[in-house]
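So, here's a batch of structures to check.
In what follows, subunit A forms one complex with subunit B and a second complex with subunit C.
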Partner chain A sequence: MKIDPKTFTRDYNLHVCIQCGTCTGGCPVKFRSPLNMRRLVRQTYFAPDPSLFRRPEWWACTTCSTCTLRCPAGVKNVELILGVRNYLANQGEVPSTIRDALENTLLHGNPWGRFRDRRIDWAKDLEIKIIGEETAENLLFIGCAPSYDPRVQSLSIALFKIFQKAGLDFGILGKKESCCGNEIRRMGEQALFRKLSMDNTNLIKKTRVKRIITISPHCYNAFKNEYPDLDLPVHHYTQVLIELIEAGRIKLTGRSETLLTYQDPCFLGKQNGIFEEPRKILRSIPGVTLIEMERSRERSLCCEGGGGRMWTEGFTEGTRNAEIRVREALHLKAKILATSCPFCLLTLEDAVKTSGLADQMVVKDIGELVGEAIDSNSNNPIPCPPAGRLQIIINDPMTLFKTNYLVD
Partner chain B sequence: MKIIVCVKRVPKTAEADLFIEKEGKDIKKDNLVFALNDWDGYAIREAVRIRENYGGEVFALTVGPEDSKEVLTRCLAMGADRALRIEEPPAFDALLIAKILARAIQDHPFDLILTGVQTEDDGWGQVGVALAQLLGIPHASIVNRIEIENGKAKVKRELEGGLEELLEVKLPALFTIQTGINEPKYVSLAAILEAEEKEMREIGLEELGLTSEEPLYAILDQVSFPAAGKMAEILKGTPEEVVTQLSEIIKKKKG
Partner chain C sequence: MKRIGVYICHCGTNIASTVDCESLVLFSKSLPGVKIARDYRYLCSDPGQELIKKDITDFSLEGVVIAACSPRMHETTFRYLLKAAGLNPYCLNMANIREQCSWVHQDKNEATEKANRLLQAAVARVLRQKALEGKKVEMKPSILVVGAGIAGIQAALTIASEGTKVVLVERAPFIGGHMAQLDKTFPTLDCASCIFTPKTVEVARNKNIELHVCSEVVEVKGYVGNFNVSIKKYPTYVDPFRCTGCGECIEACVLKKGVASEFEERMVNRKAIYIAFPQAVPLKAVIDPQACLFLSRGKCKKSCMEACKAQAINFEQKEELIEKEVGAIILATGYDLFDPHLLPQFGFGVYENVLTNLQFERLLSPSGPTRGEILLKDGTTPKAIAFLHCIGSRDENANTYCSRVCCMVSMKQAHLAKEKTGSEVFEFYIDINAFGKGYQEFYKRVREEGIFFIRGKGSEVFKREGRLVVAAEDTLLGTPIEIPVDMVVLGAGLSARRDAEKVAQVFGINQSPDRFFMEAHPKLRPVATSVDGIFLAGCCQGPKDIPDTVAQASAAAAEALSLVTRGEIEVEPITSWIDPELCSGCKLCVEICPTSAIQFIEAKRISSVNEALCKGCGACAAICPSKAARQNHFTQDQVLAEVEELAE
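Our next item is the complex of A and B:
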């Protein structure tokens, strides 16, 4: 349980660092904070001193894992960040908003501190199976944001309708579902993560479901890679949707011609290699033309929603990555910026609003797009922004490059 | 510095749907989560902060049911050295709680007693000052700063209108602590699990020379929701229609 900074070098392979700077070169927040991974690895190697760990930049990291994935030597950079945060959490020295998120999770089972009894309010008008009361083959693990956030609840409802239409045998855990803990671990609370993983594992194992389907890539990552005793297949909902589309169990109807681009969520794409399924789904929606942003797949720019950043104030300055991303999508003349992660959905939609682009672009989750494409009552479900105004914004495309966002 | 802190376990009701029990004497609590009273968390943190500066020990006390041990464990995780749970009488008022605490405290030497200003559930705000009276020690309420100097405490009290009152109080004394006096630290689950090893005692009312039928000065008659007012008018329609109606109303009222 105790975490000892003296073992950080061994625990996170700091001794193999060759100081090439690849980590810092790929970091999505290096222009937005003093976070300098190369320097932190070196300084921790020489002097793992608590005063070093109290620097605020340790909290700027979004745990997107670009640094770890690109490191040619095998340094576990992100795990180092989590180790330092765990050390700080055990000392009680976390930012107050993180403190509240962690305490809320222990008390209410979700970082927002919403009442547990309200966890399935989004489903109150739906005839949805509660696993435990009934049995089902597939467990749809809803997760905290899709349970409570009004914007993301529409994704939960869309997926329910799609799966119901496809005749999939599925259910949810209902009020007993607790936070998956992925973000909790990334905010430094490893003990609480272990408790959540045990609670959820015990709950899920009792139900005898055959497969877990997650809405959030963050839940997917936790179940797939970090729950030690789950022993069940875990699929992200995009993997299930393409399975249903290819088997002909759901039919997607046409829509008006729409140019669309896709944001790869870090925890789905670069960390878990799911790049193709979301793209296949988007291409199978009639009328949709998928165009790629210059930085996509492994090189996708993090939206800054991960690593506990949803519950952190400050530690970064300047233009948000999500705002940069929205401008990149706009530069392609995309009318829809699609994603497949609740956090990306929230950060990107905020960015569309703060950039004053709400009349030119909409942010949609793939689940919502598919939900609209199977709904035969809806002729033109997506309120596409009117054509013709795009030029006003991008009359000087070079303005895009005046910001310092090119991290590759 | 020997510091005693009195705490309470309370239900969290901010977002909960509340229902009143059949007898009309309390709310239904079976679906609620419980936690350490917010004010008491600040009091414990302040006691630990004072001990860090002046040495001594922090002793956490509660009057409550068996489940109250969980908030004492939290107090121990926050840095209290030992804890005591006293059995809760079947019915109580602020004075009886103060009396129980006074009996429990009389055998323990102390320099300082801290309580929260009030609790989130009953909100009496009386236990602290009643306890000071029963122990015959000076007190100050709604304290938002404490400095200890030569057997005296300089404390600031939060008054209305943003005013603060500075008092010098001879120790031993009792202060009721206001939220915001400090920044509570995060209490990790690891610290809570470790705290389960620390000393926690439990005693009954008989051991304090009290019975379960002590006289009460305030008797709870009824719990009810406030009657719904008739002043609010909810505008209905699309956002555009609502705005039109609203602007008409403002025009009529010459706003």
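Our next item is the complex of A and C:
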């Protein structure tokens, strides 16, 4: 696809914009970067000056889509941002960290450049079906962060144990699984996204799976809304968990009385309307009291982990949204900040550490919480940071992955 | 053979510059039956018409062909001419040599050749046309008005003052609709009830108005002049003739918590037996059967009955079905306020101090829950209030149209808020729509009063440190802003009624894509509908302010009156009919008829057309497999003769 800024107005239907500013007013990075969605639309309205696109703020957008979802005129602001990024990617004018992430995905099937052979290291000790070698009804699509990131791997393991205990017939794609491409498309590489979507679609279509279960809401979004030829039902794991809980296939045991709050991931909540399932799961864990943060559901504040932001740093300033969120949770006296997205998990946990709150609050994925609640051996685990995992305070998620890469 | 006259119009140069009219005259004279052919500069002019009229007499013509503009322009003109000259008006045929010929061609020879063909076909057709007589239908001398808001009341009073009977049906227990909820009206700041209650009282008093509250129209049969209407009257469990409106039953009702009051926009509760507001007309108590403990659960000591000295309460009351015959119908069913729950970013239903404009109106009203004081839920006075425009209007995620009134409502409310509380007032707007008389002046006045106008739509509302925050962009500065306030008033737009589809079905009328009822023509017939004898007034046709609503209601009343006071009307004779000898009773025509004009007569097992309902679309004639359904003025031989000449 050829991207020409001169045709942005036509391609992205910018004629309909009424310059009301709803987009900018609701933008989660409006105070953290000079990014102004309304102004971007206006500035690309007439044949724009290419120098416009060399500004760093185009990389500040988290693609949370609040602007697009609220736009009264129906402008697809996020698609315009992706168009700008695609233009920049074609010109080779992307930040070096983004360039590396894109190259890594092309070469190794994941943005961090970890070896494909080590994609299922997390499952070394587990008896897990590899679809292709065996057949299964459900495909659990792991995704890159839950495959490689030591913090998120615990979520993959937890989900494996839950599904196994519930007797769900499931398997994984194993080493052949490639990045879903959701973030790749958002970093501007439309062509690489199409390649990934074709690779994964071909791989999945060869099997006889009946549905796809994803761990990350980002994979969920790509499969559900952006893969052109995948004619299979796609579920986020929270949808499957509540199905299993309601059917009585997993029993949740109690934990000590805990106040908990929940961060809606943008790609699960506002973009795909899954608000109730995660809350139902949390409410069904005995001992847990769910309290809502001020801005929840459609008004949830983006953690800034999406839109390629996991691979950029330095395009925003001031307090991170994740830190604002953590403080909000603390204000509610929540001991657990729960979420259902690997990126939210990483950004929020990071924020807990940078805010020096690691002794007051833990960040947990719903999958991990349910995993603990079905594990009869864990006797009401007291919420505290998991031992034996990352002990150092890391400011930049990038550093985390770079470090691990060197260990390899 | 019939004696035919052919007249060719130059239409100034519209036709004559592309079509050779003289050669057309010569050609016409060669056609069978043509006794006289002429051309003229403007046939529709008085001398042009005189010319034809004279020829009809002089040449004893039996049919006339006019080659000129589209029949949509002047067919009626020439039909009247034929009638005046003593010919049946249906012995006319028009050949359209303007829109379909001279305007769309450049080559004069080719255009003239095409005009020849069109003329030849028209002559062939007129030879076969038959004289038709329109049927006379008697008009029932009364009018049904559905909905008793300001539109329905205005229409009913206009009709009643002329002396015609009105049946006024209202779903609520009281009349007045949304206007009864308002405090002051823009831009003059008249007190709404001061200008309105005289009208509601007059409705109750007027002998020509038969008012049915707690009632709905459930079925409409018949046609213009002869509608048979079924009205369902729901039980109120209070005898309106006995009830004095003293309100002692309300005091006695044991339903402690009560249920949300619809009239107070759910801000306070009412009892199961209630009078919506002190000036309600009729001032009679009604019982809400869903809330009433006795009616819903069968368990209550019925203290209301004990308290009622007039012995008006009657739990045995049953719903009634009232049948009425009317000549015309005016629909004035109003609007529903847009439900801001549908746009969750504004926190409506989450924060108690986020209100709709109609709820704020109740706060302003001296008869409202705060007796006219602007108070937060905790009873304190707000120090800062934000008004958000375009909530649910001009929005692809809600209603795409502009609701027209909300800008002015917001500014009126901002003015009153400033006046009553002295608080900081912010207006978040995209554009200010101040189109009416005195509206722009009001906008200027409000700005002068020191209200902050922020050119940017409110993006979301949330709470920070105990205060509400409106997030938006000041688009004129290009700066994102977050303004802390104590109260947010959402300028919610006007939506079509939730059950507009059902009502449209009952009356057989259409809806526009915005779900409001559709007028017959957006400019020239704005109060009529596609069904003869059914008219529209007020917001059921689209969002309107009070002046426009009253104007439209008066217009609808005038149209309905001019119809029913005629005594009888002639129905267009271009209808279809079904030959009973040929009809096989397959009912295909019954299914396809868009106006439900065809009925199947079980006894004879054949279909039959109600000529008063038939619009002459011809669908039945086209679908009938046994050629029993036929269309007057478009018979098979007429149409085939025309086609044959064209295709020659």
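Observations, loosely collected:
Keep this in mind: the second predicted complex is superposed on the first by the 381 of 408 C-alpha atoms of A that agree within 3 Å, B and C clash if a C-alpha of one lies under 4 Å from a C-alpha of the other, contacts with A are read in each partner's own complex, and residues count from 1 in each chain.
What we mean here is this: a contact is a pair of C-beta atoms (placed from the backbone, for glycine too) under 8 Å apart; a residue touches a chain by one contact, two chains touch by 3 or more.
Everything quoted here is computed from the prediction, not taken from an experiment.
When both complexes are overlaid on chain A, the residue A:R211 reaches neither subunit B nor subunit C. When the two structures are aligned on the shared chain, A:A89 is found in touch with subunit B, with no touch to subunit C. By the document's definition of touching, neither partner reaches A:K129: not subunit B, not subunit C. Of the two partner chains, neither subunit B nor subunit C is touched by A:R249. Every residue of subunit A that touches subunit B in the complex is listed here, in rising order: 1-2, 89-94, 96, 98-99, 102-103, 106-108, 113-118, 189, 191-192, 195. Residue ranges on subunit A touching subunit C, taken from their complex, read 18-27, 30-31, 36, 38-39, 69-74, 294-295, 297-299. Residues 12, 15-17, 31, 33, 35, 183-191, 193-194 of subunit B are the ones touching subunit A in the complex.
Touching subunit A in their complex are the following residues of subunit C: 344-345, 347, 390, 394-398, 430-431, 455-460, 462-464, 471-475, 478, 480-481.
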